[in-house]
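Residue numbering begins at 1 within each chain, and the chains themselves are lettered A, B, C, D and E in the order written.
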Amino acid sequence: MLKINNLTKRFGGLAAVNNVSIEFEANKINAIIGPNGAGKSTFFNLVAGAMAPTEGSIEYQGMDITGMACDRIARLGIARTFQTTSLFDESTVLDNLIVGHRLRTQSRLWDVIINSKRLRDEEKKCRSRAQEVLDFVGLSHIGHRITADISQEEKKRVAFALALATDPELVLLDEPAGGINPEETENLASLIRKMVEHGVTVCLIEHKMDMIMSLADKIMVLDHGEKIAEGTPEQIRNNPVVIEAYLGSDDDAAA
Amino acid sequence: AETVTIGFTGPLSGGAALYGQNTLEGLQMAAREINNKGGFKVGDETYEINLVSLDDKYAPSQAAVNGKRLVQQYNAPVIFTPHSGGTFALQAFNQRDDFLVMSYTSVPTVTEKGNELTVRIPPTFTGYMKPFTKIAMAENGKKVAIANATHDYAKYWTKAFVPTWEAMGGTVVADNPMDYNKSADFYTGVSKVLAEKPDVLFIGGASEPTALVAKQARQLGFKGGFVIMDQAKMGEMSKIIGGYKMLEGSVGVVPLTMYEEQGAKDFVAKYHKQNDGKDPTTEVAYNYFAMHTVIQAMKEAGTVADSKAIRAAMGDALKNLAEEHNPYGVTEIDAKGGMMADPNIATVKKGGTVELQRISEVLGE
Amino acid sequence: MDLFMQQVLNGLTLGSIYGLVALGLTLVYGILHVPNFAHGALYMVGAYVSYVIMVDFGANYWLAMLGAAGAVALLAVLCERLVFNPLRHAPPIHDKIAAIGIMLFLEALVQMHWGAEFRRMPTPYTGIVEFAGLTMPAQRILIIVGAFSLMAVLHLFLKKTMTGSTIVAMAQNREGAFLVGIDANRVAMMTFAISGVLAAVGATLFAPINLVYPAMGHLLIMKAFVIIILGGMGSIPGAIVGGLIIGFAEAFGGFYISTDYKDIIAFALLVVILSIKPTGLFTKGVR
Amino acid sequence: MLQLNEVEARYGSFKALEKVSMTVGEGELVVLLGANGAGKSTLFNTISGLLKPTAGKISLNGKDVTGLKPSGLVQSGVVQCPEGRKLFPEMSVLKNLMLGAYVHRRDKAAIKKTLDQVLALFPILDEKKDHPAGSLSGGQQQMVAIGRAMMGRPKLLLLDEPSLGLAPLVVKQMFETIKGINEQGTTVLLAEQNAFAALKIAHRAYVIENGRLVMEGDKDAMLGNEDIRKAYIGA
Amino acid sequence: MNALQKISDFFMTPAMKLIMIVAALLFPFVAGNEYQIYVMALAFVWAIAVYGMNIITGLCGQLNLAHGGFFAIGAYTLAILTVDHGWPFWWAFVAAGVSGALLGFLAGVVSLRLKEHYFAIFTLCVGFIIYLLIDKWEELTHGALGIINIPAPSGFGLVDFTETTPFYYLALVFMVLSIWLAARIANSLLGRSFRAIRISDELAASLGINLMRNKVLAFVLSTTYASVAGALYAGMVRFIGPAEADVVHTFDMITFLLVGGIGTLMGPLFGTLAITWLTQSLQFLEEYRMIVFGPLLVVLVIFFPRGVVGTFLTWRGRRLAAVQETAKKESASEKKPQPNKAVTPRNQEAGNHA
């Protein structure tokens, strides 16, 4: 589904991502782990089109998307969440989600002026999609609340729903469980599984090893911008290079 | 007694506030004078003046709004405005709404477009072209460089001045007007025109920046004379640059304080008394005169409401106006509503002495 | 050649004053992210205070400068306390509007008190210095020397002293500055005070070759804004270099092209530079 | 050393802390456990003075410090390493650290010593010391934040979720570091979601829920508590 | 539900809109004099421009300080075409809108590459360049002299728009059209795209929204509004000069927007009318009125940052959420199915950007 060839991104002298090649399969959960500053977020930025790579290519469903603009890539079916998401505070939660489906609609200024049937249909479609994703992330009970008033954790799930509203085939989740307690992490993990069941491919950056190990079908480990390992959780857990660079020998702390 | 409302819209705040306030001051001074004497009589009725002034920040649209307000809400038959833009904006509806525009601007177009209810208070500036040119050429030479301001009034001036200068055998060696109100510094502009070695520098805007331009020209080694546009008054300039020495060889207009005529002297004395010896500006004097003229015209016309009749009585009003109310000695109004006068112009001779002459004297008419 | 050198000196005069005013603006922007539209009004008040001290109290030029610096610093601090501090969490448009409110207020106040007329500020330095065919009034030399010395002092203060660093720190993270024990309010006040001082000194230096009137700050503040976005907002070298660029653009553009179009030249320059480098000349690539 | 008495804090009308009373003794390492939004950061910000309590009293070594400004508290030795780091992004890493020692700015020699310690603790920072802090990765920035707090040579160090966004290996080192800091005599109050690791190095712990302290106990009692295990350790 | 809440609900109903329109239609009959009608008509013209600003600044989050410049471009296009080239008013009027759109497109493409404060100050400079061009390019614009004798809108022999009252209705029609279109845009998917950009560029782009295209569209819409307003203005005041392009007008418009409530539907109108009448009533203070007005502005942004309409809407939104919460609790305790959608009034969500 996603094929990365010799991807490199340099900031000045620093190679944040260095010659990484990997292939992610459809309908799987793919995780990226690695020490801080390994280049994980940068990797996501490259895939999502927020930055152009210095070298290398990205192929998505057989199509070369290297250097393509962010919004086009989103329309091709790649969605993402950010570590910190801002939302439209003065609107209701549901309202925030409607725009998520905008990229699947065709209406232009002209439709708006004449209030065309197309526009009305599409607005209906967006609204029902928003309701769906809200149900999906389990927040339908707060759809009417002003976004400023919901809890931080609920906001995270709204951001999640927003990504889903774009009808993605691949979602990139950057540390979705950062600052979330174990119970909620577990809920989130089931949510991710549920997404895969519904035919979405997931790419995930996370430091919570428990979660990764139980969720991921495939893990890529980055260090200093380079891919140092790739494989199933089992393989990664026992990979000495990874242990050396990242996990540490005593996994107490990673509990 | 009854009251009659006279309106004013002009810049009372913002960059042109000083100018607007000076014009208003002249109107207020006259109104106060009349009211203190118990008002004025039209027919059997005695009226007092209620002068309502509104700020328009020099914006034509605000002048229009103010005009509407003065007419509709205050029933003013006469509205004073000290700028051409405001005048044009008022002219869009003054005939329909039936009020007289008293315009303090020397831009000729305000009375040339055939508006029947407009009076232009000062004489047009075109009268200065020939005498200024004649004197400047005689004192200095035939090469002029243009370095006056860029606002509308200065543009009008330049447009009239250049052909006159050339028609009388002169050449324009440089043309580089500058924004007098907004420029931080004139050095660059002045050195640019001086590079063409002119005999005469044509300058002018508000008095104070004009004085700075003259000073900087001297600092940069200019030895010729200045033609000073009438908006700047030599007297006020001399205060900024310490006397007339720097203006040697220049021609321009002088403040009323230097006029020899009795009307002028009376007015200046009166003003000095009321203002701790401060000199009156031209704006004060002309608007003082204009207010008296309007009231005189009301008396002549026998009405305080009929603006057409008041306009029609202007000519007679001028004839019967007391000398002390007419510092500039204006005697006539033309058919289109322009006041006509024969003002003094001044030449600064060697050593900084100032010589006054009427325009008609210079031209030998 | 003389004429060329003359323009260089003119450019320096203008550039140093522009730079000084832009510096105050950029510092305040750095701390509160407020484009302080009232800065031009502070400059204007500075000129009036100097004028009053010299003309009405007959004090000496340098004393007047000192007095103006103190008074405007106080005024700037008041603005910070009463207006910008309460607005620090508000969306950016709000600060701008509030700044405009202050500007309108100060201008109206000055006009009420001193009237709208042009005033001429005296200076003891009326001589003209001539060398190598160049004429240079003493006051202009004073402007250049004074402005650049002040900039140098400020630079050293910000770079070399811990107190200076607190200003830079706070510009980058207010809460972070709190947490290391910096009294952020004091720093904000100090910054506003410095910007006030820069405005007042700039005004006292420049007013003697110009005029003092309520609207005198308008175009200057506009130019100062051009300068700080040209140089990169919040950047100190940016403000100085930007000031010089605009000063020279005006001097040379005004001389070799047209004085009437010199402002257009400055603004066109801005469009060109920002089209090439959208964050200004001196911003680093990090946010 | 630190004593809170019925402290209350609000955001507008929302009561984020309710009657919080707690003590932290000299030399202790106390952990504050709580779910997302329980009020940990709010409590920390209240102690460090970023937030003013609406009721209650906070005292430090018997001295009332309620409502003191953060700068005052740093002076008295309370230094917080905040959630979200709050670095000076365009300043170099080194300058960030130096500013951490702002209140000790006159004591040049001591600053140098602390700096060496910090750089030894986080060698990557030594490597990056001339880079702007904002160009570092999330985890590296966290190190700068902790390092900066340590530069203040705190008597009481408040660490708000220092492990947030850190790689497991670094988390482990981090906890060891914290333990080390504590053993050298600094009192530490630590907010964590990583309850197990935190408890292992702690002396005592409090549990906060919905702005209220609901449980307190020493390390072993906490580790043995079934509810705690279920709610926060997830084992 | 108390009386206050009932009233607030009433504000959101279609009946309220009807009342407002009827009130506007009746205004000339109840106005004390023509001056009030004139001021009102002028305020309507300004309001049109402010609605434009609300699209780029309120919805899309880009503070455009060149707005006054585009107002002037509209006014000048109309004036030049009618006075110098003898075009009929309405043709020139259309051309004014088109030139506002075209020049807006050009300016937008250049300036929208910049972000936040850079964009704001850059557009401030764009506005100043427009001013300078108008002031200096004498061959085209008559420079500092301005353009006089601009014709009033032609009434095709049916009405005379040089009269104040007919012009008032004309301005009213254009303003209602503007609000109608603004509402359409705000509540449509297009408006939602704009708002997503306002939240964050990054987020919007990740949702597949083409930043540049949408920003330029919003910018062009806003400049078109501004130039249409400018053209009407020229037909009303019938004299224009370079001062029309002064930044002061832009500042005025921001003030209107802020007082009314930025990003809301009725805010621009409310703010424009409120401030216009306030300044008119402060006229008696003459040159000192800024001493009152300046601090008033400061107080307003400190204590009512969302403006009047914005404050009202937020308050109402909270209340509705609370009402639903209790409704839900009650229904839950009665073990009925949740009347989720039934409770949501249709205009609730419109209300937030309304």
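Keep this in mind: contacts are C-beta pairs under 8 Å (C-beta built on N, C-alpha and C of every residue); 3 or more make two chains touch, one makes a residue touch a chain.
The shown structure was predicted, so the numbers you read here are calculated from the model rather than taken from an experiment.
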item	value
Chains touching both chain A and chain B, listed by label	E
Where chain B and chain E overlap in contact partners, by chain label	C
B-C or A-E, whichever has more C-beta pairs in contact	A-E
Distance-maximising chain from chain C - centres being C-alpha averages	A
Computed distance of Cα centres, chain D from chain B, in Å	74
Distance between the centres, which are taken as Cα means, of chain E and chain C, whole angstrom	34
Inter-chain centre distance, chain D versus chain E - centres from mean C-alpha coordinates, in Å	49
Chain A, residues touching no fewer than two other chains	11
Per-residue multi-chain contacts in chain B, two or more chains	13, 17, 21, 150
Chain E: positions in contact with at least two other chains	136, 287, 289-290
Pairs of chains, among all present, that meet the touch criterion	A-D, A-E, B-C, B-E, C-D, C-E
Chain B-facing residues of chain C, complex	3, 6-7, 10, 13-14, 17, 107-108, 111, 115-118, 120, 128, 135, 137, 206, 209-211, 213-215, 218-220, 223, 250-251, 254-255, 258-260, 262-263
Residues of chain E touching chain B in the complex	32-36, 38-39, 42, 135-136, 138, 143-146, 148-149, 162-164, 233, 237-241, 243-244, 280, 283, 286-287, 289-290
Chain C-touching residues of chain D, taken from the complex the two chains share	48-50, 69-71, 74-75, 79-82, 85-91, 95, 98-103, 105, 132, 134-135, 148-149, 151-152
Residue numbers on chain B that touch chain E, as the complex places them	12-13, 17, 21, 53-55, 58-61, 64-66, 68-69, 71-73, 85, 88-89, 91-93, 96-97, 109, 113, 150-152, 154-156
Interface residues, chain E side, partner chain C - complex	57, 63, 110, 113-118, 120-122, 124-126, 128-129, 132-133, 136, 247, 251, 254-255, 258, 262, 287-291, 293-298, 301-302, 305
